[in-house]
Every structure is written in structure tokens, then in C-alpha cells.
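Common to both upcoming complexes is chain A, partnered first by chain B, then by chain C.
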Partner chain A sequence: MAGSNSNTNKRTLRPDGRPSQGNTLRPLACELSCTHRADGSALWKAGLTHVLAAVYGPIAPLVIAKENPNQGMVSVVIKMSDQGQQQQSNNQTLEYGQFLHDVLTACIDVSKFPRCVMEVVLQVIQSDGSMLACLLHAAVAALMDAGIDLLYMPVATTCLVVLPSSLDGTKKKKSRILLDPTSAEEFEDDDCSSVVVLVNEKNNPDAILGSHTFGGGVTLEDLLACVQVASKACHAIPAFFRLAMEQKVTRESQTLWSR
Partner chain B sequence: MAAATQQQLRAISVVLPGDDVTDQIHQQQQTSNSKKRPKLGMGLRTTTATNDLDQSSGGNNSDDDTTVRVIATCAGRLVQHPNNHTFFVKQNIQKYRPLLEDRVIGIVEERVASDGSGGDIYRVNIGGPHPALLSNLSFEGATKRNKPNLSPGLLLYARIESTPRGLDNNLSCTLGPHDGGVPRKDWMTNEGTYGILTGGTCRKIPLGLARELLYPDNLVLQELGRKNIPFEVCVGVNGMLWVHSSRPEYTILIQNAILNSQVLTEDQVRGMVKSLVETVQQSIREEED
Partner chain C sequence: MEESKPSPFPPSASLSTLGEWLDLPTTTTTTTTINSSSSSSSSNLLLLQSLDPQQYVHDFWKNRTRPDGRLFSQSRPCKVVTGMLRPHSAGSALVTTTTTSTINTTSTTTTTKVLAATTLHIGQPSPDRPDRGDIVVHVTGSGGHNIGTDFLGNKQQQQNWDVLQAWLQRTLEEEEEQQVEEDGNGGCAIPSRLKLWTGKAALRLVVTVHILEDGGNIEDAALLACMAAWKDTTPLPQLGKDLVPVPERGGALFWKNHEAYLEKRATATITTEDCNNNNNDNNDRPPRAFRVSLTMGVWRDPQDQTTHLLVDPSLHEKQFVDGTLTMVVDTSSGRLQPQYTGKVPLTANDLALAAKLSQARADELAAILLS
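Right after this comes the complex of A and B.
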């Protein structure tokens, strides 16, 4: 905080310029079918977090012994933007991968793909906070582009919960919840903040499909507050998916399907 | 353009996975005044409604089957087939999923085993997740003594005869239940519906484009047909396009025209075919001189 005059002004803005009140998401962008070789692909941008997702499948597993005759399997591979980062955050990548694998297996209609594997490859291009949600949205967009049947459409919301003690000079007892944090916000008060990722279903915003917490953990009260924020915020992502898909279908219906 | 679409498939709306499309289907049924129950095709599933889904639909269903909801599972365009009451989600995807009685183009990979009655079983790549199996006795008129010799790399036009659960699909080059009215020709005559594709070239195309090419009034094929270039074309619903013509230049021209047509409007297709044919014919003439 440089000057006392701008102090009040700065407090109402978050580091990337969003108003701190009202819980806004960062601007979204999505490009479908952007890689040539994959069966479905999507480039998903949320603010400065950019993820490229490619879906290969349904394909036969490399090892025939791993085939499941009753249902399909999902494999998730996450690649970080540079090799050094990859080495460092290998554990975190595995954690992300396992979580995404669980959510996607629950959402994909695996009974339609016996003996097959749906391979989701996620390449992080730029990372600026809310990584897990962005990875999930990119994966879902690519799965839709590949035409893989989904039972539910998962929507992730990231909430940063800052415990009250870390807020300098305030005597409020409630902890602060920030939606869609940037990495600057995530690492600002590493000790007393935690990131809660909640996965909702599009049609049923009050139900939680999955959740993941990074950091010190949150109280029940904070978690419930996060759930409320998430159920309000989760309408924006499907609306955006629809825009992206409508654009693709409209383009096709003007040319390929016009006859 | 809209009128032309209506003749083939009635487009209703763009859907996302998880969308409840029951009301749209009811509405469509009411406008077309049909009493029959709708059939559901690819990309749709039914669920019995939970309480909150009932509330969101507003309870405006007067039918007896209000408890059954239709949910989309794919992103694409919800369409109704005009001749029957089938609703499905239309997509333009890359990866083929085998279905019974699909007509596909396959590439012979290798001989796997003998089938126990004098024939050989071959593994055929049909672009799906798993290869398919084809016996060289399942050709029209093939016997132990007189059967085609399939070598790796050979192209075949075949139909999917059976899709056993948990096993690879079986192909057949004999006429099937959906080939009524086609004259039965021995495989030796090379005039049958299914069989080996000789000459020409094959490439992969998106599945939506392949389906579109199979309509009898497909514009790009009609335009090419008017240009006085003799050619043969074979389209498998597994997204394989085989083209054969009198000259390699024409084969490439036809392939390019078909590929271009998927991103062009009707008028652009006419212009594109015209200019392509003119350039190629001119370059052939210059070469001959």
C-alpha cells in the first residue's frame, strides 16, 4: 500500500483488478477443435491460466490385459509448461490427475465404452491460480468436442478462504472468501489461507460432486459458505460452454449441414 | 437454405450434456401432430425424474409419461428425423464407434487364424477403438476352393455383421438384412455391393462429412458428377473416403473438393468445384501439348 489516499481504493480491488466485493470470475475464453491429431481438443483460458486439453478416444488400452469388459476407463495426463516446474510439482500433478480421474470417471457414461480408454492429455500453457478448475473445464470442453457421452456436466469453482487473523487491521471474525483466485492471491498468505475446489453438477447446483482442499483446511462454516458461493457461480461456466459449442455448431450448420 | 435442411432433418436446438430436452421433444411432437411415442437415438438417454427436475420443468406436461425425462449426453445439435419419430444428437466427430450393420471401409492388417472350416480369419482396421475380424469365406459365393486371397494393406468395403459383447466385431462382405433389393453378385465378378476396392486412394474424413456424403442429393458429389469426369467413390461411415478415377490428377481433385466442401456454403461449393476442374483440366492440356 503506497499512499494512504489510494488505500481505500486499493482495498476494493483484487491484485488483478477485479472488485473484491461481488465475487467475480476472470474473463473466460474457449477454442474448440484446435489441435489436428486429437479426436477432441479445447484451449481453455480463465484470465491468465491457459490450458490445452486433448482427448484421444475411445481407444484400446496399450496393454490388452488392462481392458475392462464392462466399462470404459479414463486416463488423465497432466503436463506442466516447463520441465523444471514439472519435476518440482510432480506430486501436485499426480494429485490433480487423481482428482480429475475420479471426477471424469463419474461424469463420463463409462458403460457405453466397454474395453476402451478415454485418454485426456492436459497441457498447462500458463498457470495463474485456480489451476484445478481450469484443468477440469478444459478436459470437459475437449470431451464434448470429441463427442464422448457425459452423464453429468461437472463445473468446478475455486474459492480462496483467508482466515480472519491474516487480515491486517480488521476485527471481523468471518474469514474472507475469494472466488477464482490468481496465484498471487493463493500464495499471498500461504499459512493462513486454503483453496477449496468444489465440483457441482450443472443441473443440480446445490449438490456437490467432489471437493478438494489445498492448504491448512477450513472450518465447516467456511466450507458451507464456499458451497453457497459455488452454487451461485457455477451457472457461468455451462453458459460459456454453450456459447462455444453453439459457435461451432452454427459454423457447421452453415456449411456442412446446410444441404 | 433453411427449407432445404427441413426436408432432411428437422434441427431443433443446440444441446449440451445434461440438458433436459423432454419439453422440446414434446413440443416438436405436438407441432407435427403425431400420436406415436418418440424414439431416442444417439446422444439421448432417459431418466426417471427426481423432485427438483420436476420443479424446473414447471409441470407443464399433460402426458402420462411425465416421470420419464430425456437427457442429452452429447454436445451437438438435437434433430428429428422427418420420416419417423426418432430424435438424436447430431455431431461431427473424428473417432468412429462401431455399430451393427454399419457399412465401413477397412484395411486388412494380417491373418490371425484359420476359421476351422477351410477359411482364414483376418484382422481388419476399421478406425474404431478395436480392430474387426473378417473371414475370407464371408464373401458372396466364396467356397473352400474358391475364396479371395486377402493380403495386408488391402482395402475392403464391408458391413459390420455382429458386435459380440466383450469381443472384436465381425465384418462380412455378403449382403445383409439392410441390403434388400440389391442383386446378389459373386465376389469373382467384382460387381458386388461389398468387396475389395482396387486402385484409387483412401483417406480419413470427419464422420459428419461421411454421413453427409451418403445423402443421395449431396451437393459436392452432384457438382463433380456434372463435370464429365468419370470417377468412383466409396464412403464408409467410419470416416473413410475412397476415390478412384481415370487419372491421378482427377482423384486428387475430387478428394480436395470433398474436403473443401465441409467448410463452404452451397454457392461457394459450386464455384470451388468449377474453378478446381478448370485449373486441373488446363494443366493437363498444357502437359499434353
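Right after this comes the complex of A and C.
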């Protein structure tokens, strides 16, 4: 593992061809309204990680006991494609689902939808790292497509914090931060790395609205460095959302006027 | 940040105006202090607590205190008892946190009580991890006082426990991974504690967590109970010492002297010296590290927009905070795992303060776990 870590340090390119400085996002793609039965849907692609999101609602819940007379409720369902590791997938799905539920409940104006449920269904089509961020972006894109009011637009950034080791195996104190890691990078050095997912918004990029951490943990300095990286990356995603929405509106207007 | 909705009660929900609005007789001069000892203001306080619990809690927070008298940075008193289920389980721990709030002569006590027990199974390791054992966590609960209090009922409670189970499982697995150290040649300088025989036998640690009472902040209590039960799980059986392979029986493992092992486990006492000797498989193994967590509620004062961290929120307070931050700390390396969701953005200063509080709490609990 120390040998492979030194190989990481020597590479000038990351495994997927991005520069080794570690501050480049993977190519993004987003298709809105890809399913017609849902009130809103989005197919989000970040590199080789593909997630399909569908939003149903606001609708009345099937079970009356689930009604909240003061505000609406958000229900998140995640379906993973990984059938090989069932138990690990189940645990991961539960944690991801709870995190997304909390973040989406905070960003949706739920006071406008009392006694209603907004169901967000997320299907992981292909997984290649930075899964939680892709799930959140797909859910937000689908919510926008459904026309549900958001108090702010959450942007998730995934940072891989790696403790580099020298050739003789001793660990140096300064760590590297890789933005938007792939699956190979996440599992390359299990004992020397941690994955930090930070959620923030464009209007207040230096503060975080959510965080989730896997792995051995990070120092406070590394955590604050990840916040800095996330603040720089959070301008790109909203611009991409706007581009995707503009393309959708343009396509729909062309389709309407062509009749 | 959106403005809070106007309360259905008079704008200044002070005790005097609430009493006047409700046309309650007052025998003393009007007073607006929360801590007044007069009986009429106490009854008004109880009335405010039941009619507008959010305003009741916010009135305390604006005075930089909490309904149970704690400061923002104070945790509830915590008691850890280990070994009460011996010899029926390999290790066990009961964590109890209690808080009492008193209004005049009325006292309300809320308790969080979590019991964790460990069991060891011997089995075959996974082919992709031939020198590692396995950890499985089960979370159950009798519900304590919470059956029916949540309007969603038992289903939501069970879902919360499932998420807690997943989080505990991941934390314990990551903690065990951190204990293993690999040398540069692909071998294990410090092997896994759960390894018995590479590729043939390993230990599965089954941790059962039972929530007896939920008075708020179950996550911290459950993780502390798991760590204390894991530490109480001594001694682990070792190949060659307690177990021997029998080639004639296809390499199956047999106990050398099972009665002696059970007796040794039943009479094991946790003292400082014994704890260090029992936990180390060899003299070169570093002292065991633990993971402890600290949960903080995040509240933003609507008047001056300052953000405050409320350490160890009770069940009552948790309903009214603007966010929840849980910091998991590794006691040996000091590394952090922050988990936060909420409506209030946290700045670098808030994260630094949270890290400092978590480190202090980890130092306190490390003294208990390593004693």
C-alpha cells in the first residue's frame, strides 16, 4: 500500500486523465425531464457515475399517519445497482438516505406544502466514486424540474484527503486533497485517506450546510482546507444547473412552436 | 434565512402578558425573569412550556442557559458500567446519561440508557480479506418513553434505529481498520485483532445494542457503549494458546481447554495493569485507540444572528435546534469525522470551536475507557 501511494505521488495525471493537482471536476452532463410519469426527473452524470432521479409530489401521503399538519415531508428512496455486497450496500443506502433527507428538508420550503409528501427516488445506474454528491445533484435537478420551491441551491463537493508517505514508509504530515475522486482513488489507500463530502451554496461559499465523512478521519487543518476547496468549486455547479435548465426550456419552446 | 413565523400568542410572550392574556390571577408584582421562585410565575412557566415549548426553550437560550441548568458547552453527567452481563456475553457496557430540570417543586428527569453486549463467533474469513475478521452490529430497543410520542409512531423510530445501526457498523469497522498497520512488503506489521488463521479462521464480533431509554442524543451513548463493551471483551481467543488446529479433522479448530478459557473470562477484572496486558496481543502492539463522538445542536440567535453550539442536546431541545453536528474523534490520532446537516451555515470558526469541544470530550472519555 505504501508502494502504490508513492506511485500516486509520482503520477502527473490521475487515473481518469485529469491533472494530478487534484482541483478539477469530472465532466458533467444533465438531462432534465427524461421520464414522463414523474413530476420532475433528471439524469445526472459526473464522469462514469450516473444517477437517475425522479420526484413525485407534492402529493397527499398514502398513509394518513404520515401527514404533518404544519409542514411538508420529504421521502428519499435510493436504489443501488451494486448487488454483490448486499449488506454494505444496505448500510450505505441507509446513511445516504438519511443525509439526503436532512439536506433536502432544509433546502426545500416545506412550510408551503403542509400535509404533503415529496418523494424523491434515486436510482444509481453506474457508480464510479463521489456517489453522495451525485445523488444530491440529481435530486436537486429533479426538484427544479418539478418546479418545487427551494430556499437555496445546495452544492455538494467531494474531497479525498490523502496522507502521503515517503519511499521509506514513514508518513509525512502534509496531506493532499483531490477533488471529485473516482472509485479507484477512493479505495486505493483505505488506511491513509478519508472522503469528505461538503454541502454549501453559492451565496455563502465559505460556510457549510452539510458534511459527511468516511474513512480514518481528517485533521482540523485538512477539514478547513476542504472547505476552501469546496468554496471554489461551488460556483461551477449552479452555472451548470442554469445551463441545463436553459437547454430544456429552449428545447420545449422549439417543440411547442413547431406544431 | 427565512424569518420565524409569528407566534399565535402576544408578540412579547413574557410571563406577565401571557398571564394577562389568559386572565390568570397574579398575587405578586409582575416579573419577567425565568428563574423567579414565585408560585404564580412557576405555574405560568409550566403553562408556557406546554403551550409554546419552542418559545419556552428559546427564552432560556437567549439568556445563554438551558432548561436543565447546563451551559451551552456542558454535557450531561454520564455513567459507564461494564461487565454486568458476564459470563453470558464476552463483554458488556451500560451507559446512562441523566438530566434533571426543576421548576419550583416540580422536577423532570430525562434519561438516556443504552446497553451494549458483544459476542464472539469463529468462522471462515472472506476470500478478499483473508487476514481480517468481521464486525456486525444490531440495534434494538424497547422504546422507553418514546412509544407513540412521535406522531409517525414506531415505524419512524425503527427507521432511526436502522440508520444508527448503519452508522455504528461503519464506525466500528473503520476503527478496527485503523488498528491494523501494514508494512511496506504487503504483510501486516500489526495484524487485526480478529484474525486467527489467515484464510481459514477469523473472529466475528457481534455487537448488540439495546436502547432502554431515549432521553436524547442516542448516538453518543450508543457509540460509547459499543466502545466500552469492545474494551470489556477480554481476552480474545488466540490460535495456539486457546485454539489448536487438528489436521486429522480437516484443519478444524478445537479449544485447548474451554472451561479454563470461560473461567478466565468470567473472573477477568478490569484494572489498569490487566487492561493493558489483556488488550495487547504482543508487547509491541500500541495501546488501543477508541472513537468517541460528541453531538451538538446548532442554534442561531434571531436577534444578533450569532451561531451557538449546544453540546449534548436533550430530546426536548433537539426538536428546536436549527441543525445537528456530530464529531467523531479518534482518541489516538485526534482525527475528526464531522457529520452535519442543518439550516444554519457553519463557518470555519464554528468548526474550529466544535473540534475543540470534541477533543476535550474525547480526552474525558479516553480517561474512562483506558482506566
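Just a few scattered comments:
Here is the rule we use: the second predicted complex is superposed on the first by the 225 of 259 C-alpha atoms of A that agree within 3 Å, B and C clash if a C-alpha of one lies under 4 Å from a C-alpha of the other, contacts with A are read in each partner's own complex, and residues count from 1 in each chain.
Keep this in mind: a residue touches a chain if its C-beta (ideal position, glycine included) is under 8 Å from a C-beta of that chain, and two chains touch if they have at least 3 such contacts.
On a predicted model such as this, the values are computed, not experimentally measured, just so you know.
Within the superposed three-chain model, A:G129 lies out of touch with both chain B and chain C [touch as defined at top]. Of the two partner chains placed around the shared chain by superposition, neither chain B nor chain C is touched by A:G47.
Within the superposed three-chain model, A:L94 lies in touch with chain C and out of touch with chain B [touch as defined at top].
Using the contact criterion defined above for the overlaid structures, shared-chain residue A:P238 touches chain B, although it does not reach chain C. In the superposed model, A:N204 makes contact with both chain B and chain C. Looking at the shared chain after the overlay, A:G216 reaches chain C, while chain B stays out of its contact range. When the two complexes are overlaid on their common chain A, residue A:L151 makes contact with chain B and with chain C alike.
In the superposed model, A:P181 makes contact with neither chain B nor chain C. For the contact definition in use here, the residues of chain A common to its chain B contact set and its chain C contact set are 109, 151, 201, 204.
Only residues 1-3, 65-66, 68, 90-92, 94-95, 97-99, 102-103, 106, 109, 111, 151, 168-169, 190-191, 194, 196, 200-201, 204, 206-220, 223-224, 227 of chain A touch chain C when the two sit together in their complex. If you check the complex, the residues on chain B that touch chain A are 1, 4-5, 11, 14, 16-18, 20, 43, 45, 52-53, 56, 73-77, 90-95, 97, 129-130, 165-166, 208-209, 212, 215, 217-219, 261-266. Against chain B, the residues of chain A that register as touching in their complex are 38-40, 57-60, 69, 109, 113-116, 144-153, 201-204, 238, 241-242, 245-246, 249-250, 252-259. Partner chain A is touched in their complex by these residues of chain C: 2, 5, 151-153, 162-163, 165-167, 169-170, 174, 177-178, 180-184, 186, 323, 328-330, 333-343, 345-348, 351-352, 355.
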